[in-house]
Structure formats: C-alpha cells, structure tokens
Amino acid sequence: MFVIWLLVISRTEMDKPETTLDTQMLEVNIGPQHPSTHGVFRMNVTLDGETVVRLKPAMGYLHRNHEKIAEGASYLASMPFTDRLDYICSMTNNLAYAIAVEKLAGIEVPERAQYIRVIMAELTRLVNHTLLVGFLLNDLGAFFTPTLYAFREREKILDLFEATSGARMMCNYMRFGGVKADLHPGFMEKLKEIVENYPRFLDEFEKLLTENEILMSRCQHVGILPKHLAVDASATGPLLRASGVDYDIRKVDGYSIYPRFKFRVPLGSVGDVYDRYYVRILEMRESIKILEQAMKEIPPGEFISKQGATGAKSPRTFRPPKGDAYGRIESPKGELGFYLVSDGTPNPYRYHVRPPSFINLTILEDMCLGCKVADAIIILGSVDIVLGEVDR
Amino acid sequence: MSYGLGILKGMSVTLKQFVESYTKKGSIVTVQYPEERREDVERFRNFPILVYDEKPEAPRCVACDICAKECPPKCITIVRDRDEQGRGLQKPKVFDIDLSVCMSCGICEEVCPFDAIFMDHQFELSAYDRMESLNYHQEKLLKPNSYLHQIRPTDATQIDAKLKAKEEAKKKTQPGTTA
Amino acid sequence: MERLDQLFVLLKKIILQFAESFLPAPLLPFLSILVSITAIAIFAPLTMMYLTWLERKVIGRMQNRFGPNRVGIYGLLQPIADGIKMLTKEDVIPLGADRVTHFLAPVAVVVPSLLLFSVLPFGRNMTAVNLDIGLLFFIAVSSIGTLAIFMGGWASRNKFSLLGAMRAFAQMISYEVPLVLSVVTVVMIVGSLSTEKIVEAQSGWGGLRWFVFTPWGFVGFMLFFICSVSEVNRTPFDIPEGESEIVAGFHTEYSGMKFALFYMAEFLGAFAYSAMAATLFLGGWQGPLLPSWLWFGLKTFCLVFTMIWLRGTFPRFRVDQLMSYAWKFLFPMGLSNILAAGIWYHTPFPLSFIFATWILLLSFIGLSRLNPTGTRLERRTYRFAE
Amino acid sequence: MESTEQIQKDLEQKIPAVKLQLERDAFLVDRKDLIAVARFLKENESYKMDYVSCVTGVDYKEYLECVYHLYSMEKKHGPIVLKVRATKEDAKIPSLTPTYRGAEYQEREAYDMIGIIFEGHPDLRRILMWDGFAHYPLRKDYVPEDQDILDK
C-alpha cells in the first residue's frame, strides 16, 4: 500500500517543478580537445543544469584546404590525398574520386576491376560500421570492451588491405579505369575466412549489446530525427535510413556493378540512436551477403583498362575533356560525391568534395535540444562524423 | 522488461572471452612487438629507396625528374650530374627525399619509367631531429638489387626479366655498332 | 589448523610479549592498537595497488589482450611503477582553484576509506577495533567520502568538474538510502550492530545459515551490492567521473599523487564494501576447512572480481535514469525487503520462506512493471527495402 | 525522368517570366527567380526534388557560379542541375536554405571559400576558416601568405 502511494506521488508531484529561484545557464565548450568528439570538433553547449538548451557546432580545426591543393596538382596526385578525407574508409574515398573522374573523362572499367572495387568497398563498410558501433559504446561509457572487439575484427580486414594495396589505412589503391595492382595470391582464402566468421562475431557482438537494458534505456527515444527533417536537411546514409527513408545510392544510382548483387537495405522506424546503431549492424550483414556473391562471381582478366594504365603511368599526360561531372557513391557514412570541372589541362579547374559527415551535422542541434549532456555526446557519436572529411 | 536477462547475457560474453583467453589458443591477439614480429608483407610500402645493379655509383636512376614532378607532396629534389664540359650526365648528382614530408603513397614507384625507385619495407627509422637527419641523401637511399630481391621477390624477378628483354632488344636493333 | 587460523593473532601476541619486557605497563594497550593500525596501514595500500593490477589484467583478458606484463613477471611490479610515476608527475593546481580545498580534497577522500578497514572482521577475532556499533560506524564514515568528492569538484573551478561534483552528490545521497535499508534487515534479524555478532549469527550447518540463502537475504545482498557499486562510483554508475561525457568529472584538474589518492580511495572503497557485503550476507569468515582469514579473502575477491567484471561489460547510466532507478526501484524494494524479513522472522520455518519470497516477487514484478522510468524498452523489428 | 529540354519547356510554361538556358544538361537560372524554380521543383508532383545533394561555388574568373545538384528521394530520380551566376563585384545570390534545410552548411562553405554572399541565409558566417580571415581561399586570384608551399 505504501509502495503504491509512493508511486502515485512520484507521478503527480515531481513532474511539474516550478523554478522560483533564477538559475544561471552554464555554457560549456565540449571540444576541440575532448575524449569523445571523434577528432577536433567543438560544440558550444549552453546547459540548464544537465539539459541542453543551445548547441552551436564549431569546426575547421582540421581544415587544410584539400580542394586548393587538388587544383594545383594533377588528377592522379590527389588520389593519395583522398585517403586522408575519411581516414577510416580510404578505399571508398578512392572509389568515389575514381568514379567521378571516369564520368568526367569517359573511361571504361574492366569486369575484374569492378568486382575488386565492390569487394574493397564492402570490406570498408564492414570496417567503418564495426568501428562506429565500438566507439558509440565507448561514448556510452563501456570501458573499451566493444571497441577492442571491433578493432580485433578490423585488424583482419586491414591485413587484407595491406597485402593488396601496400598500406593498411592509406591504401591509394584505385586508379582511373581500374585498380593499381591485382589481388595478391592469398587474397581469396583470407577473404573467405573473414566472410565466414564475421557473422559469428556479429552474433557475439549483438549478444553483448543489443539486448542490454542499459544500452536500450540510454539509446531508445534519444535524439530522434523525424523523416521529413532528415530528407529536408539532406542527411544521407545510415542516419537517413534509420529514420525510415528508403534511399541507398547503391540501389538508386546502381553505379559500378551493384545492380548484379542481391542485397537488402535495412530501414529503422523511430529514427533514434538505437535505430542508427541497429541499422548499421544489419547493414554489415547485408555487406557480407554482397561479399559472398562477389567472391563467387569474380572473373579473371585485366585489373585496369589500357587507357587507365597509361594514365597511371604518366599522370601529366592525362587530360580529361573540358566540362564538369558529379560522381557520387554510397560511402559507409552517406553520399560521398566529387564535383569536378576540367578545362582540358592536367590540373582540375575546380575540385569539390560533397562530404556526408559535414552535411549530416546540419541537424545535430535539432536532435540534441532538450536532451542531457550525456545524450548530446552519444547523438554526435551516432551521426558518425570523421573530422578529416568534415573539415577537408 | 525487467533489468535481468540482457545484462546477464552481456556478462556471459565477457566471461567467455575471459575464460577463453586462458584456454583457446588464438583468443589473445596481441603481438609482443620487439620479441615477436608480424610476418613480412610483400607489397607493404614505406619510404622509397634507389636501386643500383652493380656499383652504388651507377644507380638505375637517370635523373629524368619525372618522379619529382609527379610526387604529390613534392618531397623529392634531383640535381643532374654534369661532367667537366657542363654536359648533363645520365646520373643524379644530388637525390634527396625529405622523409618528414613523404607520405609513402607509392606514386613515384609507379611513374618511374626506368624502375629505379621502389618502396622499402624498413620502418624502424627513428631520428633525433626532424630537419636534417630525415632529409635522406643519395648515399642513404641507394640499395643493391639483391636487397630488392630479398624484400620483394615476385616484383624484382619480373623487373629483371623486363630489363633483360630490353637489353636484348637494344642489342638486336643496333648490332652494327656493338658486335 | 587452529594455529594457522589464529596466525595473525598469535603474531600480535608475540610482539606484545616482546614489547612487555621494556615498555611500562600502561603503554601496552596503545601498543596493541598501534600494531593493528600498522597492519592495516600496510595491508590497505598493498591491496589497493594489487587491485589496480588485478583490474588491468582481468579487463585485459576480457578484451583479448594480456594486460600489463612488461614490468616484472606477469606485470607484478606494475603497481609499484605506477606509484613512482604518480610521485614524479607534476602536481598541477589550476590558477582559479582555491588552493586549500583543492589540496585537502584528496586527503578527505582517502581517510574515510582507510577508516572503513578498522571495522571489517578479517578473521576469527581479527577485527581491528571490535566496536559494538561497527556497522553504523561503517555507514557513517563512508558517507564522508561524498563530501570530499564534492570538495574536490568544486575547488578545481572547472565546469566539467562542477558538473561531476553535482552528479556525485546527487548519486551518493540517493544510493545511500537503499544501502541502509538493505543493512537494516540484517541488523533486525541479528539484533546487534557489531560485525562480530553478525558473522557469528551466520555460523553453523557448514554455511547454509548464511543470510544470502534466505529470500530477504538474497534481495538484501543484491541491493547492498548494487548500491555499493554506485557508492564507489564504478561502472555502470560512474557518472561523477563520466570519462566520455564530462572529461574526467570531479578529478579532471588533479594530477600526480593527488589523482593517485582519489584512485586509491575508489579501490579501498571497493574492497571495503565488498568485504562488508561478504560479512553481512555471505557469512564473513565462516567456512569449512580453510583458515578464517582466507575465507574472508576469497569471498571479497569474488565480489571485487564481479565489480571489475561489471566495469568491463557495461555502458553507463544517464543521470536521471540513475536517480529514478534508485528512488523508484531500489528504495521501494528496500522497504518491502524489511517487510519480508519481519514476516520471515515471526513465522515458523516452512511458511516463512514462502511468504517472504511471495512478497518480494510481487514487489519486484510490480515495481518493474509500474516503473514510470520513461517509455517502455522494446525489441524492435526492422523492415527491409529491396 | 524526362530529358532536360522537356523539363525546360515544362518549367518555363509552369512558372511565369522564367528564362532558362540549357548548358549541356544543366539549367542556367537567373538570380532573381532561383527560389521560384527551386520551390516549384520541390513541390511539383511529377518532380518532387526534395533533396539538395551538393552546393558548389566555382570561380570562373569573370563571374562566380553556384551549382546546385537536386535529387528526389521519393521518386528516386536523377539530378537536376541548377547553375546561378553572379559577377565578382556584387556576388549576391538568393539563399536556398529557407526551402532546403540541407543547403545551410554548404552555402556557408561556398561563402567561406569563394565569397558568394547568400541573401536570406539564417546565419552566414565562415564555417571552416577562422572568422578573422579576410580573403577567399578558393578564388583564382587568391595569393596565399606563405608562398613557398604551393608553387615548388
């Protein structure tokens, strides 16, 4: 009886706190040097107690004007710089740039190179989503355990990248018209091994996390992004699909040879942090399906077209025709696009990057208003930004 | 939904990992670096090296300056060697690579028409100051062809075969002069 | 077996006899207290150091890595290396901080944690100070630590540590209440506050008389353990020093030995609370065969291992969830636990267990259903687009 | 998606007094009726261009150009490219942020890099460079302070 009486009290009294005494707003700068801003990103947050009243992001700490450097260099010379855009998925950055230049110059890509590119892009998606889930749990406070499980799996994939392209994170592997070098001899066995026990890792990961009540109570109905706002604010990638909008550029544009693969696009329902977490786990499972199909169907043949090989051999002589082109792909963080204007010289006249994390930040404030400081941190984590791409 | 099941399931995963770290062999992934080392990966690329066939004085590089022009961060400086009358020789007098600027992207190796520059596997190159000791001059960069065979067997053999084929082709085209 | 069990007590007697020869008689009681104090003063930092080592090794093993193994074999000298590092680290006092409280806070945090050790029954008649109100002393001293944490947070004049200090205050107070309620049941049944008597009340039948096997005892043990994890600011209740949110909470501005003192207080608190949980519910040093102090060590080690295990697995609660969990779930559970214990005490054997478990189960399910901690947590199904 | 000529006819007929030039598959829209065209493309049933994917500022020495790539998430059809020009002296272009929330940061970046002033933008500040920076780095006539970096 006493218990029920207490619960009744707690429902009525505590919900209407009238603040007679004037409280002062606490203005806190979260960042640029902060354990969980995923890089040098600052949020100027005004707090009323613990709840966020105003949040103004400030960026540009890592700005090195990648676009001005690209205008001074030849087309191929900015390929290694695209690795530094989103330094977690360097292969998809290369792929986006290669596709944009191929659209600009009209270069054909042989079959085997298309398959290699799809395999590398999907492996990068696995790397990015695993890392993101790990770091999201880090922001939630789990003392590095999920992150280190994620790193353990990522290492296997990075060893593949190193053996094929020469470097673990800064691969610089794709060329206009194909890839720099063919897959190294032991590639297929290692890939088969990864693809086979990745689902087992994901099941263990889900067993550790998805049903965890603390994670559910911390992430469900937090930082909700309504469907219409997501579309209007051109959010892209898992952030958009978690709000339920069915827009995946691999399906919409069907670039490279993605239409040949059978895979599904997971969609969230509420659009909160929990949906973004779980949509990424489901996307990883879809990527594994694509990898299985690509592994079986990869044909032998040349890994770079003749025209591409000569272009790679002497970048000075690679002069795309006058005009402009906009190539875009579905990078793990969203729509990564390159807008190139060429005036016939070996240097691009205008080189613009459409970075997904930079534009996904437009609605960070809308999601964080009214929630606690701890929520603002995990909402930023769930948006999945990488400062190399935000600041370029 | 009571605070029960999900938490226990999560705890069972970490306990399994804890117990497995003692029982299962592959569970601990750390490589104890100085004692254990990862096996060498053939295509791994770190900083560039110049390759010479017989004598360090005659490297394959002919100072054509293509790699210096193509290098994205512009970290290679080449000065062509001149003999007494001032005519350019097919040999670099100065060939510096500023390792603090080089990002080991491997473009110089791709664009070099004479297969003279390759990416090394040596990564333990710490130095005391950033400026002078990281600006590698020609003597430090030169490595014998045998070293190339040791670190990159497949590529080295292909390149040797290609060079030998070019040699025969040159011998065949002007037999008059040499024969 | 008897000699091994009373090893430390005999040791103390030998020292006293040896000192009798040259010390005047009235000084002897002081000497015996001095011996106990030095024993604790050596034992406590030692346990703290090797608890840090244990935590890093256990969490390392949980994360598929080794944990410290470079300093000494299996990293056993690592705590000593950490200690030296902490000593040599520069001691930064922020410009705006008011220096006295900034300096006093770490001291005020460590002293209560050390005082807790005086009441713990390490073995048969091996309690340092056998107070009749041992348990009350334990609870009272442990709440001083909260004040010291607030002092530390407030004195370093840094917005993050201010947030951390406020959170520490709110959390400690709201978890003190269910802690005390769970202890009230044990005191009610045993009828005395002295830790010795509590342990004796649980002796017999080879361990089946431990309170944890009674329904109210089990719920009391869970309540006590959860509240002690939160009193000590360990995951999942470590919001005062939430690393990912407010940088490092109340000890952001502390470095060098002062940070080490905060760290020591946390681990001493963890050890003391686990020891008290073992005393209250797992029968202190009761146990067949092995000597009493070894049983005490084993039980406390298991509880500390669980605390470390929690730290390696769980994310952190949010502040308001933490408060609502304490006030709307643990507090009512504590009350119904007292009710169940009362009924259990007065009804004969078979009926008592049934009534007590029935009341507790009813309140547990009722509370978790009625619990208005925000929206329901549901497992979601996701649709796929082709 | 119909061909560009058909869209041009459709647009010119639906929105009064709009002059559209075709530039290889993009629409050269005049400054004053940019918002009208954009709003029409967004609301019209057959187009439903509800997603501005990429906003880029380009400096063509005689004039500054702003390129908008519009897509439709609902109907999943391809880009409609709008190009707007402004001379360097009065580099003013009406901002699309009131119609597309997504253009906010991209327009601020175009202002920061090229110097196109977007009228009607809620808070037009520099986004990547620090506020005290006076020049526009991506302009062709921009001379970087420390010269030796780029021209080696």
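Remarks
Each chain carries a letter (A, B, C and D) given by its place in the written order, and its residues are counted from 1.
One rule holds for everything that comes next: contacts are C-beta pairs under 8 Å (C-beta built on N, C-alpha and C of every residue); 3 or more make two chains touch, one makes a residue touch a chain.
All of these numbers come straight from a predicted model, not from anything done at the bench.
More C-beta pairs touch across the A-C interface than across any other pair of chains.
Most remote chain with respect to chain D, judged by CA-atom centres, is C.
Mean C-alpha position of chain A lies 42 Å from that of chain C. Rounded to whole angstrom units, the spacing between the C-alpha centres of chain B and chain C is 56. Chain centres here are Cα means. That of chain A falls 25 Å from that of chain D. Across the assembly, chain C contributes residues 62-65, 312-314, 377-378 that each touch 2 or more other chains.
Along chain B, residues 1, 3, 7, 10, 13-14, 29 each make contact with two or more other chains.
On the chain C side of its complex with chain A, the touching residues are 59, 62-65, 159-160, 162-163, 235-236, 238-239, 242-247, 311-321, 327-328, 332, 335-336, 363, 366-367, 370, 372-375, 377-380, 382-386.
On the chain B side of its complex with chain A, the touching residues are 1, 3-7, 9-10, 12-14, 29, 41-45, 66, 69-72, 103-107, 110-111, 113, 119.
On the chain A side of its complex with chain D, the touching residues are 59-60, 63, 65, 67-69, 71-72, 229, 231-235, 245, 247, 252, 323-324, 326, 328, 335, 337, 339, 341, 349-350, 352, 354, 358-359, 361-363, 391-392.
Across the complex, chain A meets chain C through its residues 2-3, 6-7, 10-11, 26, 28, 34-36, 50, 137-145, 148-149, 152, 208, 211-218, 220-221, 246, 248, 251, 264-270, 274-275, 278-279, 282, 372-375, 377. Residues 24, 50-54, 56, 58-59, 67, 69, 73, 76, 79, 81, 100-106, 109, 113, 126-130, 137-138, 150-151 of chain D are the ones touching chain A in the complex.
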